[in-house]
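There are structures below to look over.
Below, subunit A partners subunit B and then partners subunit C, in two separate complexes.
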Partner chain A sequence: MKKMFLTLLIMVFGAGAANAMSVEKIIERANEASYYKGDDGRAKVKMKIVDSQDRERERQFTILRKNTANQSQRFYVYFERPSDVKKMSFLVYKYVKGDDDRWMYLPSLDLVKRISAGDQRTSFVGSHFYYEDVSGRNPNADVHTLVDTDDTYYVVESKPKDQKSVEFSKYKTWIHKLSFLPIRTVYYDSKGQEYRTYTATKVETVKGYPTVVAAEMKDDVIGGKTILTYENVSYDVGLPDDIFTERYLKKAPTQYLK
Partner chain B sequence: MKFIMNMLHRLIDFSIAKPKQVIRWNVLVASILLVLVLIPTLFPSVPLNGVKIDTDPENMLAKTEQVRVFHNDMRKEFGLYDILVVGIVNHENPQGVFNQKTLSNVLALTDYAKTLDGVVSREIISPSTVDRMQNAGQGVVNFDWLMKDVPSNDQAAKAVYDAAARIPFLNGTLVSEDGQALALYIPIKSKDLSYDVSKALKQKVSDLGMTDSVYITGLPVAQDQFGTEMFVQMAVSAPIAMLLIFLLMFFFFRNLALVSSAMIVAGLSVIVTMGLLVVTGNTVHIMSSMIPIFIMPIAVLDAVHILSDFFERYPEFKDQKKTIKHVMMDLFNPMVFTSVTTVVGFASLALTPIPPVQVFGIFVALGVLFAFLSTITFVPAFVMVLSKKSLEGFGNTHSARENSGTSEGFLEWVGHRSYRRFKSVLLISFILMGVAVYGVSKIQINDNPVKWFSKTHDIRVSDKALNERFAGTYMAYMVLEKKLDRETVTALAVKHHIPSDLINGESKEAVLNQLYDWADEQEMSDMWNDRIDAYAAELQTFKHPENLKAMSDFQDYLLSTGLVGKSNSLADVVKTVHRDLYGKDDAYVIPEKNGAIGQVLLTYQNSHRPNDLWHFVTPDYSKANLWMQLKSGDNADMNKLVAAVDQYLDTHPSFGMDAKWYGMTYINTVWQDKMVNGMAASFIGSFLVVLLLMTLLFRSALWGALAMLPLTITIAGIYGLIGFIGKAYDMPIAVLSSLSLGLAVDYAIHFLARSREMRKNYPSWRETVQPLFGEPARAIFRNVIVVSIGFVPLLFAPLVPYQTVGIFIASILFLAGAVTLVVLPAMMTLLSHWLFKDHHGQLTQATKISIGVIVALIVMQNILM
Partner chain C sequence: MKHIIFLFTFFMTSYAMAAVPALPMGLDDSSSSFSSDSFEDSVWDNFEFDSFLDVRAGTRLYDQDLQSDTSLAEVRLQTGVSYEGDLLSANLVADFIYDDVDRDMDQNFQTGTGSIDLREANFSFTPFDFMDVKIGRQVLTWGVGDMVFINDLFPKDWNAFFIGRDVEYLKAPSDAIKMSLFSSVANLDLVYMPRHDASRYIDGRRISYYDAMTQSESNTVVDAMRQTDDEFTLRLYQSVGSVELAAYYFDGFWKEPEGFDIVAGKAMYPALRVYGLSMRSPFGPGILSSEFGYYDSLDDAHGTDPLIRNSESRFLLGYEQEAAQNFTVGVQYYTEIMDHYTGYQLSSDPTGYIKDHVREMWTLRLTYLAMNQNLILSLFNYYSPTDKDGYIRPKVTYKQSDNLQFEVGGNIFFGETQILPSGTEAQPTFWGQFENASNAFVAVRYTF
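Moving on to the complex of A and B:
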């Protein structure tokens, strides 16, 4: 009963807020809810890649994130599985303006490489997710329009400013009115056909932050999908800055990875 | 047997008595089949079998054939599609196609191709759809599209080539080794879409105003073209053949109405046979499309004999009924037996293991059977309904004789010579046979479906242009797999401290899944999971450096054979990424540690096309796929490669992996092999059956053997010639053997049957020869001319197999006719003492024994082959 009342209250307020909120504000809140919770964050990620022939591959890694000035962020990805890529690590400096900086460490070759990529829409470790899906697409890269609002979602349509840099013609995002988490994103090709869908399949509240703990990306062009599950999610861990440096690529900060 | 003969006699009598009814029946049967074919073809919604075209060379093997099943399973497992190749060559620009204008057109063409229905856009190989990895200096490695956008100038265009040439997968495949040409690969979802896609691409090329030479080719395009040309053959060559036969017959018999009757029989036979083929749900295939052109000459064969005899006799009787009755009695036995032998010859093809050849054989046999029945009913009936007026002046009167005087004088001369000089004739034949046998031993077995198109055909021109510049357009694949036996699997588990009693399950996957499930329930699940991980990695064959090195060495060997233009494998991917990570050429090696390979490959998967990896290895790394590009699609070359690989595997036991071929270039050799062996078996089988039939027909082993003489010499001669001129023994040549058997024996039957009859009316063989070279020889001569020239229009068919069939059938018939008229009488002169002994229809002891031996051979052959 109490729950129902709460829901009702939220619905009323939610609806009221929607009318006032501009699409820019919605996107900004969604971006924050998705990628900027707390000062920092940590999660153990299990990745299951299912290909068009239903063959499965699994990967497991821990991801550390820290927000820095001007909406910039740093990510540290540490691989645990499969065993032959264990201790492989990635470091990403994300900037709102300009290309990301990326580094990669290959322990068996004892090699650190800085990576410069032509774009962010390359596969993240062979999955159906792109790098951009993991670290967040820059909201300024697209023109957003609020196309629909229902009881639960804002439906925003986004069109790229630079069509040549992306393979989609537009995408639509269903942003949850309360949590501002994008629950579903559908990408359309040049003919206006749906071909790629992101779905947040499970949301839990962690330290007061609504958090996606299971998600999948389905891609009809490639075939198959990738399922992500997040375990041991925590925020405001107090990650020191120096973890996000080249030195720690080679020498994993074990105490922060547990 | 007697019963059937009586029935046939009655049928002839009935046709003469009730001609109109018989004509109606013949036409009715053909009309019904025509309607049954047309309705579902024009209205596909009707649930009947309409015309279905099949141009897929894969169908030379049965769907359940193990090699074919494996081929398709592997294509699916490694995500391989049928591919259209767009070759682009520029002769004007010094940088070839790597100039700004061409590359911007290529970009537009690729973007357009992506939007086409049926194109697998993610798999297109084009400069704008593939990745390159480049050392950008100072520890930076750069990942990007090979050609992200239109090059800003010619220098930038050249850079696209330079980057691609550094990538082994692309060099010699996407870009030509000489840096002048490009080949785009457009995968399609199914072969039947190739026409639409290639048409759309051609249109786009012209819309873009590309000045480069653009070749659109690839197996699906070739197949599609094939279907079109098949119809050209059926719709053009067959009617031309019919017209030619008509004109020749008219030249001989000078009576439009009578000649038409033979043509109507041929037409009805073709309609009925093709109708039955379609109605029974069979496809029109390269083989079955040749049915009309085979049926037609065979169908007129008997009619020519009837007309020829009628032509000779009519002036004598001056009465249709009397003449036709006489003619039908004269020819009844030879017609029955020539038809039976032809049916046997074609039906024997049903014993080959090639489904389209079986269908071809069965339906030609049915067609011949129908043609026979139609001839003995329709032709006499037609003669009966003709008004007496239309036959006025018909027949071999003096004026007509003068017209064809040259051939008559010539035939008499031939008969005379063969009789007088029989020893020389036989000696020369004997020597020529020896030479022919030597020629047969030199026969090269080879085929190549691309060479089914004539040299000037677009497909051949493209094929040549692309194979001159690229590493080869013919693909062959090989799956490598290391079989892990139970002991090894268990021993490895123990090595990784996993209790061996936990190793249960059918497959590797099942074993691992069970282990992981078990580990999750344990207290120290992390430790167990780590151990299982390490164990799982150990089971991944193609993450082990030694296996990748073995594969790489094997590829070096393949290249050294000179048969492979280029090969691609997981080893090349690993080496390329390894080199680019280090940014130096000497790092183009397989790294030493297992982990390094896994890490290099994970790096590779951070690209735009991570799934390209699975064209080379299965995600569990247990099977690897080796791609080979060959410059020649000749089966002979593929066979050499197979032998070279077998030799390598035999001499390198440390290679330690099972290797299995697939891919169309390989599949072609499999069905060729089946065809060669199957044809040999079916030929030997039908040779024996025909020999038996001949012995029974003539009630004498000697006469039976004599009947086989012309066809034996003919086949030896033709195949000897094939050996000498170096013409490859290919699909059409293989089919011809059974076919010539059925046809070449016909002349001998007519000649022998008539000579035996005539001998009764003359005191000696010597006196028989001259009349024998009158009407009977003339009938054979007319037949040789009509039927062999009837096949000539095939020479103008656009596809080489049809041309081959045309040339060789004409030659076979010509040679068979010549042997029958020259060698047979010489041999009969030699044997005349024994041949014409009267046994009062009783079988001699020797004949009985021969029959026993032949039957035993037939039984043995059927058991052995």
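Moving on to the complex of A and C:
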């Protein structure tokens, strides 16, 4: 009986006390595990977008990423499906401080269009994922609190510093203790109701990095969900810097897209 | 006490079961080895085929006698094949068209008339790490204007744009050799066109225009004499931080027949040289862009030849930003300042329309995405406060599925009727002359 009580005590209070890691450190590790693996990375992304009436749409693109100084990153996205966006490419220079630089290439017009940074919480290619979900939300945009820890997860609650810039009032993330991968994120509206849930459904270890290779985002406000899979994932590919320039925006760097 | 603890434990456990996510596949006990997709090498892997079928129909909005009331009635099949090899890539894109408005036109690969429009037929290779070469028929674009072109002297298809074809047809293809050189100091694009590449201009065949000779709207087909000499253009560009800078040079001919050969009695394309600069940069929450070009009309150096368009300076300042989620607003100011205006005034027909020294124009672009970005509402508007005329392009696009898309749009021109010194009433201004071409259209596109 005493033993059981003790176990319970440890279950309830012990985890927090035993855990030396600060919530900032957890978030930092989770951010690295999600968005910064290796010096660079590549993945073929497939999205199945299911709308509120169960109609399905497909997106397929290859994404190349390279980490640069000061936690900045460059992304190159080459669209393969559907056919009306095929061969379009998209270039993003992401900075930790300040707005992204973004360019889009429309091959039928041979047009390199510069796009204003815009709202990060806008749908990415019509899916339930936001730009921010794909490239990472700035950890400094929220105040994080470690609300629970169990054998498997750190549970972190995050509240936006600037409430007006986002549609949620808070979100809660279950971060896997060993891999630091966020396995589930639940977003709450201003009334405290859950309305949007991210779930990692499959993880594989690629070049030593645990990697989410299947996930879904469900959004009750928009209705429906998007199922995302990553294929052909690789890290430390050795992407040259000039891949992330106008030259390759216009001429797909085939050898790195395969 | 025992019961309380039991209940408490039960409560905790069930709470945990409801809220704690299950471990995803790969993080649970099952093995987590990574299996990459196996690709079977086949020579066909290097080929890609893309096609669409596009059906569109349009009608004129005003009663008029010079043109068919049906502005658009066509079925278009675009087929494309591309090859990506290690040493070479190649592209072939051709449109097969049944055009019910323009049935009798002869096949012409330059002007794009007839039942085949060859959009692309080119190959490209990288002879050195610092060089790309693309040879053949290709669509070329540069400059920072949105539907306003200063240093982009590649051919346009104004008919396609005005009657409501897809916007990609605004760009007519060039037959060219393009060489691109890359370095850390700057990048250079050199484009050589062995033969003058003219725009598919408004020639009266499909859209009537203001004819200065008759001082009235005319559908007399302008059969301009195309130049046979070559053209050359370059762009030198580099980014400094987030700011993109470019310099341009063009040596060739006007893209529209801006001259008249009195001996041949035909419209022609006078010689033209253009020097220009552009800048594009983030500014506040949006993108600021600016472009300048000096058009040196070599065959009319003093502006005294009434049959050849004068030299002029062109300047553009634009700003675009996301004004709200999924809603983008873009504004541009554009101006053309004629050189040797006195020469123009003195040599022009005193009874006819005399252009202003300075032509100013504003453009406004509004784009709103709705229904998971499957519904696109867009409006592009040109308005000239100096000519008091304009051109409105509203369009609604709905993507029914990944393959099927519907479109409804319009091309609405407006201007003021003027009383010319001769006493004739006319609409001679840049946009105003096309008022009777105003149209509305519907389209369906199926991609496969």
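Following the convention adopted for this analysis, the second predicted complex is superposed on the first by the 238 of 258 C-alpha atoms of A that agree within 3 Å, B and C clash if a C-alpha of one lies under 4 Å from a C-alpha of the other, contacts with A are read in each partner's own complex, and residues count from 1 in each chain.
Throughout what follows, a residue touches a chain if its C-beta (ideal position, glycine included) is under 8 Å from a C-beta of that chain, and two chains touch if they have at least 3 such contacts.
Predicted, not measured: the structure shown is a model, and the values here were computed from it.
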Side-by-side fit of subunit B and subunit C on subunit A, or clash: clash
Partner chain(s) touched by A:Val233 [first = subunit B, second = subunit C, both, neither]: second
Partner chain in contact with A:Ser190 - subunit B first, subunit C second, else both or neither: first
Partner chain(s) touched by A:Met88 [first = subunit B, second = subunit C, both, neither]: first
Partner chain in contact with A:Gly118 - subunit B first, subunit C second, else both or neither: both
Partner chain(s) touched by A:Gly126 [first = subunit B, second = subunit C, both, neither]: both
Which of subunit B and subunit C A:Lys164 touches, first, second, both or neither: first
Which superposed partner A:Leu109 touches (first subunit B, second subunit C, both, neither): both
Subunit B versus subunit C as contact partner of A:His176, first or second or both or neither: second
Touching partner for A:Gln53 - first (subunit B), second (subunit C), both, neither: first
Contact breadth on subunit A, by residue count: subunit C or subunit B: C
Interface residues of subunit A shared between complexes with subunit B and subunit C: 51, 55, 57, 81-84, 86, 108-109, 111-112, 114-119, 121-123, 125-126, 222
Subunit A - residues contacting subunit C, complex: 1, 4-5, 8, 11-12, 49, 51, 55, 57-58, 81-84, 86, 93, 99, 101, 108-112, 114-119, 121-123, 125-127, 150, 152-153, 174, 176, 178-179, 181, 183-184, 199-206, 210-214, 222, 231-233, 242, 245-247, 251-252, 254, 258
List of subunit C residues in touch with subunit A within their complex: 2, 5, 8-9, 12, 16, 20-21, 23-27, 32-37, 39, 50, 52, 84, 89, 124, 132, 138-141, 144, 167-168, 170-171, 180, 182, 187, 237, 242, 244, 280, 282, 285-287, 289, 320-322, 325-326, 328, 372-374, 399, 401-403, 405, 445, 447-448
Subunit B to subunit A touching residues, read off their complex: 76-77, 79, 115, 121-122, 131, 136, 138-145, 148-149, 529-530, 533-534, 536-537, 540, 543, 581-582, 591, 593-600, 602-603, 605-608, 610-611, 613-614, 618-620
Contact set on subunit A toward subunit B in their complex: 51-53, 55-57, 79, 81-86, 88, 104, 106-109, 111-119, 121-126, 131, 164, 190-191, 221-222
